[in-house]
Amino acid sequence: MALTKEQIAQRIAQELQDGFYVNLGIGIPTLVANYIPEGIDVVLQSENGLLGMGPFPEEGKEDADLINAGKQTITTVPGSAFFDSALSFGMIRAGKVDLTVLGAMEVSDNGNIANWKIPGKMVKGMGGAMDLVASAKNIIVAMMHTNPKGESKLLPNCTLPLTGKHCVKKVVTELAVLDITPEGFRLLERAPGVTVDEIKAKTAGKLIAEGDIPEMKFN
Amino acid sequence: MNKIYANANEAIKDITDGAVIMLGGFGLCGIPENCITALVKKGVKQLTCISNNAGVDDFGIGLLLQQKQVKKMISSYVGENAEFERQLLSGELEVELIPQGTLATRCMAAGYGMPAIYTPAGVGTEVAIGKETREFNGKEYLMEYAFDAEFAIVKAWKGDADGNLIYKETARNFNPLMAMAGKITIAEVEELVPAGALDPNQIHTPGIYVHRIFEGKNYEKRIEQRTVRKQ
Amino acid sequence: MNKIYANANEAIKDITDGAVIMLGGFGLCGIPENCITALVKKGVKQLTCISNNAGVDDFGIGLLLQQKQVKKMISSYVGENAEFERQLLSGELEVELIPQGTLATRCMAAGYGMPAIYTPAGVGTEVAIGKETREFNGKEYLMEYAFDAEFAIVKAWKGDADGNLIYKETARNFNPLMAMAGKITIAEVEELVPAGALDPNQIHTPGIYVHRIFEGKNYEKRIEQRTVRKQ
Amino acid sequence: MALTKEQIAQRIAQELQDGFYVNLGIGIPTLVANYIPEGIDVVLQSENGLLGMGPFPEEGKEDADLINAGKQTITTVPGSAFFDSALSFGMIRAGKVDLTVLGAMEVSDNGNIANWKIPGKMVKGMGGAMDLVASAKNIIVAMMHTNPKGESKLLPNCTLPLTGKHCVKKVVTELAVLDITPEGFRLLERAPGVTVDEIKAKTAGKLIAEGDIPEMKFN
């Protein structure tokens, strides 16, 4: 059965390691924060100028001066630090952020990503996405395998304007976990009960599915 | 040397039609509310605004857009603004979208006297069109130029008579960078104190970068996405 | 994630012969005294030291020079050091002198992931020899590369368990810049506190840049030029 | 009569204007701080990371963490701010410092300056001098007109390795105040009792002395 968005986040959270500094994008990526494995320390970076982002505030404790990159009210955790936007992207550009998780409209089998613009429709802007994808050491894309029309979002080539080239390392969808390799998407895991054939059918880009592909495990 | 101005109207008095101005803030967080109101009141037009966002319909830079005072926005993200969208589609408004880190670093470059910087953001995308690229250590970078703005308008938490500024939490964002980058920098602060009242170890923007300062009034500090914990 | 080390000996344990290390401080102000002592004790040799100054004969980096542990100094000013002069004239020691602002900005560039920066410092002088120059707005600049150092060793006033650092007065100098620039950054602090004990608005170096931290001991804080007011 | 070093500093202090941010080099330039005219505010920048440098501390009040670029113990004034060395040279490079006063070994009549190295002797390094001369909007050199051997330090060309090119705007010596113009040194003022002929004799570079050259005035 296909994963819920919460389960996609939960599966991505399994990639976290002790001591990781992590930037989580808007949407499914934000949910990853709810599934940080017990016993490890992960520090969340918000690119508007915070290391050590905590959960949303309790009702009545919202602080207009304390928001995340999605403009949501947030809190801090002990050991947090504020800084300006240049230092924020400086630490991203310098490779100090260990993992970036973000959403996408399209990913191609050579690691290109498109997630900021649909020509002809309203252009909201790239925000920090281009900086993040150009600099992050490790980028995981969290998205649905297909768009609302049922068309694959894992493509041979992105059709939308690119956010960055050759940068995505891994994709987690409601159906599968895939690595981006020089040969294309490599299927690593299937959602419980989802067949390799279904994943193949919904993946337009080059897909490598060798041997026995295990099901994802959740605790 | 007096840097203290009575209010926003006095501080922005010499901003005229066609000016290039930077405005601090991320979303509605840390925006110079008093100066925006004064610019609306003054009715100055044809502005080029360098600001990460464009406010919302009825707050922040959205107020300037409503009055059609903005010719061009240079921003990284301009969503959630119907009047903005209308003006953009009708061709009344020019928009230059640039990556957020590039926006921040081009401000910083101006404040540090560095004419250009290299960043990988936008390589291989339409942002790179017409820009010089260069490879360092096997990775491709774009050359981006320092901003050149006549005025920078920023909002700080505390400031002193010498123009030293301290920001609060994530309301810092672009403010210290734009404060460094303006030829004339105008700071509005929630609390203006005498020189010597701030700890010199804790200054975020040294006063040398700030030309005018005043204590703002009636901060609304609107929250764009009020989000609370599920009980 | 534990960044806390017991002492300097533990924190520098994996620095080996031939390492490239940055050392914070200006003159003897804000230097990592404990780590320097530990490096002397460890006897590691053939070091390349990036540091604004080279200490004095019997303190700071001078202690490493006395033991002939340094192969090369990259500095802006190396005066007042007889043993240094002897080694330099005898050819035992290599020295690369670069302008102070260039030194600082090359550290910053590393911390900001910028491969190179432009500065006018040194244009038309022997510092420019072999370097690429470029004109921006009618002024000539040198292109200077970001530093690439394995270790940065800095001294802060206060630090917390997550590696966040606060510096005191002019002991800040190169410390936050080098802290950003090291692949592995080691911070010694006068006071180590639990995470959460420092005001997040007041952090000079966010912990993401700091890999190891320990509370130093027995700071001498020697004054190089004791100067007092005439009564 | 030739000026004392204190008087050179005093004459340079007359160039200060209200609101100036000023960087004073080591030696005679440091003395300028003692003659800031009454009624104007001048903020002293120390390139090791301080705006708002005050006088030396009282005996017993020295603070090892608070020094100037000459490594001397100092104090702060109200409104001071500390920052790191990159921001310090950033504000210098961005032209925010209104005036820089520094010493020199040689100045040429086209504004070149040499003050950091004597080949064959010990090289101490340029410190911040190259950054300052390359970026300062307004540079005044404070120095003696001749070296200890009696040779002019105002030359057609510097013989020592340069610190910077075409950057010096004004020179104040024990004999004269001179502007650097496209035509060479322009004599503006003489020290009280010093003749134009003496200045001419001691200036090796091109010297323009037109009309009546007034004597310097001291309060």
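Just so it is clear, A, B, C and D label the chains in written order, and each chain counts residues from 1 on its own.
We take it that contacts are C-beta pairs under 8 Å (C-beta built on N, C-alpha and C of every residue); 3 or more make two chains touch, one makes a residue touch a chain.
Keep in mind it's a predicted model, so treat the numbers as computed, not measured.
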item	value
More contacts between chains, A-B or A-C	A-B
Averaged-CA centre spacing for the pair chain C and chain B, given as whole angstrom	33
Euclidean distance of C-alpha centroids - chain A vs chain C, Å	37
Whole-Å separation of chain centres (CA-atom averages), chain A against chain B	29
Rounded Å distance, chain A centre to chain D centre (Cα mean)	56
Per-residue overlap in chain B, given as positions that touch at least 2 other chains	105, 112, 114, 119, 167-169, 172, 200-201
For chain A, residues contacting two or more additional chains	50, 76, 82-83, 86, 90, 92-93, 135
Those chain pairs that satisfy the touch definition	A-B, A-C, B-C, B-D, C-D
Chain B residues within the chain C interface of the complex	105, 112, 114-119, 136-137, 139, 141, 145, 166-169, 172, 200-202
Chain A contact footprint on chain C (complex, rising order)	1, 110-114, 160-162, 164, 180, 194-196, 200-201, 203, 206-209
Complex contact set, residues of chain C against chain D	26-30, 52, 75-80, 85, 95, 97, 99-105, 107-108, 119-127, 157, 167-177, 204, 221-229, 231
Complex contacts: residues of chain A adjacent to chain B	46-50, 55-59, 61-68, 70-74, 76, 82-86, 88-90, 92-93, 112, 122-131, 134-135, 161-166
Chain C contact footprint on chain A (complex, rising order)	18-19, 21, 40-41, 43, 45, 50-52, 76-83, 86-87, 90-97, 135
